[in-house]
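So that you can tell them apart, the chains are marked A, B, C, D and E in the order they are listed, and the count of residues begins at 1 in each.
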Amino acid sequence: MGVVLETVELTKYFGVVKAADGISVRVEEGELVGIIGPNGSGKTTFLNLITGYVRPARGSIWYRGKDITGLSPRVVTRMGIARSFQIPQLYGGLTVLENMLVALAIRAGRSGEFWRPLQEDARLEEAMQTLSEFGLEGAAAQGVSSLAEGERKLLDVALSFALKPRLLLLDEPTSGVSVKDKFEVMDRLVRVLKSSGVTTVFVEHDLDVVMRYAERVLVFQEGRVIADGPPGIVLSDAEVKSAIVGTG
Amino acid sequence: GQSSAQPPGAPREVRIGVVSFLSGPAAPHSGIPSRQGAQLLIEALNAGEVPRPYNTPGIGGVPIRAVYVDEAGPVDKQVTEFRRLVLDARVNVVVGYISSANCLAIAPVAEELRTLTVFSVCGIQRVFEDADYKYVFRTRAHQIIDALGIARYVLLVKPDLKTIAGINQDYAWGRDSWATFKETILQLKPDVRVVAELWPPLFSGEYSAEIARLLAAKPDVIFTSLWGGDLESFVGQATPVRLFEESLVAMTVADNLLVPGPGRFVPRGIVFGARGLYGPLTPETTLSRWFGGRFRARYGYFPIHDPFNYANSILGVKAAFEKAIAATRRWPTVEEVVRAFEYLEFEGAAGRIRLALGNGHQAVEPVGFGIVRSFDPTKREVTLERVIRFRVECVNPPAGVKSLDWIRRGFPGAVCP
Amino acid sequence: MQWAIVLLLAIVAPLLPGWTVFLLSVALAKALVVLGIGLLMRGGLVSFGHGMYYAAGAYGVAFAMKLMGIREALVLAVLGLVAGGLLASVLGMLLARYRGLFFAMLNLALSMMVYGALLKFYWVTGGTDGMAVRQATFGGFVPPAGLLRVAYFYLSLGVVAIVVSMAHRLVRSPMGYLLRALRDNEVRVNYMGGWVEQTIYRVYVLSGGLAGLGGSLVVLNVGHAVPDFAYWSQSGEFVFVALFGGYGHVLGPLSGSILFEFVRSYAYKVSPYTWQLLLGAMLALVILFLPEGLWSLVERRMARRDRWGWSWRPSS
Amino acid sequence: MLEARGLSVRLSGFSVLRGISLDVPSGKIVGLVGRNGAGKTTTLRSIMGLIPAVCDQLTLGGEDLSALPPEGRARRGIGYMPEDRRLISGLTAEENILVPGWALGLTDASERLRRIYSLMPAVEALAGRTAGQLSGGQQKLVALARSFMNGRRVLLLDEPFEGVAMGLAQRMAEAIRRFQEQELDLGVLVAESDLKRARLLAQKVYIIERGEIVGEE
Amino acid sequence: MTQLALIAVGGLFSASWLFLVSLGLTLIYGVLRVLNVAHGSLYALGAYLGSSMVLVALEKGHGVPVSYLILLGAALLVGLSVGPFLERVFLRRIYQKEEVLVLLLTFAIFLMLEDVMKLVWGVQPYVVNAPYVALGVVKVGGVRQPAYPFLLTGIAVTMGGLVWAGMARTRFGKLVTSVIEDREISAALGVNVPRIFTGAFTVGAVLAALGGAFTAPMISVVPGVAVEVIVLGFAVVAIGGLGSIEGAALGSLLVGFLRSASVHLFPELDLVAIYLVMALVLLFRPQGLFGRAEMRRV
């Protein structure tokens, strides 16, 4: 079991706001790590830093022994890190299916291809299958701009999942997804991730979800990691409790 | 009797396409006056009201029908419109064109479509110096006469001139005009110094920086080929700071300032050119008196060069047709008209026009200049002093010689005052 | 669909009056430029400077004839393509970083500098007077006068047919979709590992090449190249036609270009004094009531037919 | 206060809402609970006038709303918090909250702002920051505060707690309750996907499924 | 020394004019996200109406001093009537569409207005330079310079200040920001979206007409004056950063001074000066001098 991801003293201030204040974290191969913390504690920023959307002022990021600090999201993604977004990032002008097909085509390195149609049979089949894993097969032909918020969220996760990453970063994957579907989707997702050995880090506010799926929990507060450990232990910690329930 | 009867084989009407700027910045001073001239003449021809030798109605007794087309728009548009005129509107003759680029582009198309085409205003010498055309004619002299003539003029009225400057629009007309002027001056008086060469963009309209530079440089003579709205803006901005008193300003297209419109004026003391003997320089002939009078009565001002140029083209067409009819005693083919047109010498609306250059397709003309003594804004007339007219042989190169070569070689064969 | 239209055009062309054939040839050639601009627009990039590639094609032909004596039509057309593509491949390196109106304006600035250069180096380019282009040959032959226009027409039509069918493939290919995707959300494209700049660069070079190709065909038809080809208003017109026809479908630019040329010619004809009013009014109407372009009319029609077709099936 | 009868919406050929009827009485918090895509957002948006809807009746305190444009409905005192936050990213958080006040020319805008801050101190801490840079949850908070600005008679809250950490969610719920106590006859309609959470907050809950109300409790 | 002074004064004049011409453009872009080609037409309308009204006044024997007020009045008349008309009849219908589409609609309006002006004012040129001449000349470095451009400078500074204060400091400005960014949610928050649009467009139209009206005394007003103004205005606005008033000011100064310097030092550059500045600025600061680079929040 190697270290998949390691951050060293990651620091990023936005003006006076300490979005990351010396974050050092290590994630092992195959782990399923949950991140919790009050709003504005720097969770999303942490994912932005890892994937190169935001550059750290200080500190470094290592992925499988390689320094990826300062690399662009594209390069980072190409190295096998995918992420989903808190605010779904979709192609508003395309249908659900087309969104998925684009993801698959890029993953296969076919984005420069201009003579064969996007909708190849094999690709179509995989797309439909991935969509059905997220319960979106019914909406395949629908334009994404008319999706309900929860469906958008699911599609967003599905798109990052479809990239077959080795490290998957999910930003609040189930917020907006109704309670009934939440666990169903997570169950399926986690099963696949586990069986294929994908290392996963997910940000979540719903403690039930964290308790159930995370093997390890990081608690963020004001840009720092204030607790790190198995969910049962971390969530019963008094400091953590006050952080989660206290200031916001 | 004989003259008003139609020859055998005559069509019901002769269709003439008349192309000039009807919109855009070239319309007010050039395009619209041109159209006015053409329209007036065509109506009078059809009514048989034009004095001799054009007193027969229409062309060979056949009435003329004019189709007016806007010259504004890109060159591919012009070519398309030309084709539409010929192939769809079925005109027999196309007359007009003001922009040199359009003339250059249209000429080969006219050849292809075998359509008699007579250029009216455009002045670029390249048309007939660089190519031979069969169906294309130009009934005005090329632009060399303007800048060359005005150079000779300023040397005559200001023989001690030491420094010159130029302000010309940054496009072919401005470049060519300045080159001609400068070359001529330096050829005739090599010790003259050029102190400023300014190139405002076409239609820029704001010249305060240029004027300041000219005032600071204090050249003896300033040459400008500005025309239309640009010229007026320049005049408007240069007058209050007394540029025209500091330097002798020579304008080749000064007659543009005479087009009616509120508030416009001609400054005193400038060298006034009208691209030939037109406007206030028009010689007294039966036709010029008639045309000028009619034109003034109808449009409220004495015609400047553009209406005269368009009228000349139409008169040339009539003369050529009727010469051909006289030879064949029937309605002529276009080739017969072309043959009659070549080397034609005919009575223009303001003096005789001779097609002496370009194998008989290109006219030569005299040119004249004067210094503005006064301007009457109600009649839109200037009084000129020290008027000098240069005969054809002085300002036009001989046949077969390219204009610029002719200047550089020191005007061999020129006959000048 | 596109082949049907090509076939139709090919058959009726020789029967049409001469000036219509000419107008169609020019419209077809310009449709290539519009198509290239339309491709970029699918990626959310509007260029107000493609006139420079159009001019590059046109002047490329003029220089090839003047300096190298090349007269073969097809060779000249390819030269135009190369000229436009080359210029675009240089400028594209810089422009691929820009989006939105800045992309539009920087294109405009560059094209105006090209325009300025064509003016400034007048001793080479003839300045505003432009450069003449002589008749081209077809396989070494000069077609007789009567057939010349038809020959040019078939040349344009052939080129357009090939390009349109290639474009049709392209818009349905991964690259075509990626273009639409990056218009909607570049962030997501990056996070899928897609290379936004590279895609834009490729399409930009392609569209520059198409503009050059269009320019070369236009100048062969028109016979004269002028700096105005690179003027911003010419570029603006191309963008206009792209919207007028609708760039959502590859046939949009084609139909838009043809219709636009006819509409404009018609406006010149019926009201030589106020053609701008007529043209402006027509364009305003299209924009207000058919914002997806004229082709959307056709598509709506076809969609209706589809639905109608469905209703015939037995209901389940 | 707010009464809707037979609210139906068709969007691009799909029947998204089919005859929804609901009451939001004054002084009450009403929940609207359903799964993803059930039509909660669509219901709220059509009450706000943002999508065309067909209905038998849509009244606010007896006054017919159906012909009013969105700004007219806002003027009648309906505060709206959209699900996807929709802050004006170019303005600061405080300016965002003030927008309804400026737009409607509310004379008591600054007084209301003070009240909002006292209800939600966390918002005051963000007041001067550019809205576009706030974190997802912070934006939710500001969007809620903004709906308070002109929500004098009805609040339409679309999944207000989604993406909000537990502690803050509790305080937001508390703020909603206290705000309602202050604005005597305010009715609140909360769209929620979590029945449990809805029950905690609301006195009455409608269950929506595939565009229809299938139950209430 | 003289040359330097002349370059400075010339640059200031040129800059004032450019700023006056581009202010309304940048405002309308900043507010409506509309790159308004019809701006040129409004400018031309201001020029035509200004000239013809001053002409009538002078003929009626009013003194020249009144003419400055008349120019102002003409600009207001054009802006307040044509502005709302264009906005209500045309633009309002397609705001939610792409920026280019709106741009091209304004281009169609521009085409129509070109001919409308021809029908109203004919094709004869208008030169009404009494207001220009009346202000006399001043000496700069021993060279006579017209005083009128200083008036332009004054107007440009005043207008720039007013608009800047109006946008940055007032609630109206904030509401406008809100409407631009999210029309739908603004309406739901009680903003009367149509009124904001009409208001903003009208202000822009008044500014455009003002530029035209006060330029008219310097130039010959002929068909086609609209065209040149548009590109120059666009260039200045792009240099400064779309929608930024400070940017337009700085852009005008840059272009103005470069043009003035090129006239004195290297006249060959005059034609391309403005595009040179534009290309250089956009290369090194893609968002324009004062434009804000926006990062999408994910």
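Just a few scattered comments:
Just so it is clear, contacts are C-beta pairs under 8 Å (C-beta built on N, C-alpha and C of every residue); 3 or more make two chains touch, one makes a residue touch a chain.
What you see is a predicted model, and the numbers here were worked out from it, not measured in a lab.
Here the chain-to-chain distance from chain B to chain C, counted in touching steps, is 1.
Shared contact partners of chain B and chain E are C.
Most remote chain with respect to chain E, judged by CA-atom centres, is A.
For the criterion of most C-beta pairs in contact, the winning chain pair is B-E.
Taking each chain's centre as the average of its CA atoms, chain A and chain B sit 76 Å apart.
Rounded to a whole number, the gap between the C-alpha centres of chain A and chain C is 43 angstrom. Per-chain CA centroids place chain C at a distance of 32 Å from chain E.
Touching two or more other chains at once are residues 114-115, 118, 227, 268, 271, 297-298 of chain E. Of all residues in chain D, those that touch two or more other chains are 133.
For chain C, residues that reach two or more other chains under the stated contact definition are 119, 187, 273, 275-276. Under the contact rule defined at the top, the touching pairs of chains are A-C, A-D, A-E, B-C, B-E, C-E, D-E. Chain E meets chain A in the complex at residues 297-298.
Contact residues on chain A toward chain E in their complex (touch as defined above): 44, 48, 53, 85-87, 89. Residues 35, 90, 93-94, 97, 99-101, 104-105, 107-116, 118-119, 227, 231, 234-235, 238, 242, 268, 271-272, 275-276, 278-279, 282-283, 286-288, 291, 296, 298 of chain E are the ones touching chain C in the complex.
Touching chain C in their complex are the following residues of chain A: 51, 53, 72-74, 77-78, 82-83, 89-94, 98-99, 101-103, 105-107, 110-119, 159-160, 163. Chain contact summary for the complex, chain C toward chain B: residues 17-20, 22-23, 26, 119, 122, 126-130, 132, 134, 145, 148, 218, 221-224, 226, 228-229, 234, 261, 264-265, 268-269, 272-273, 275-276.
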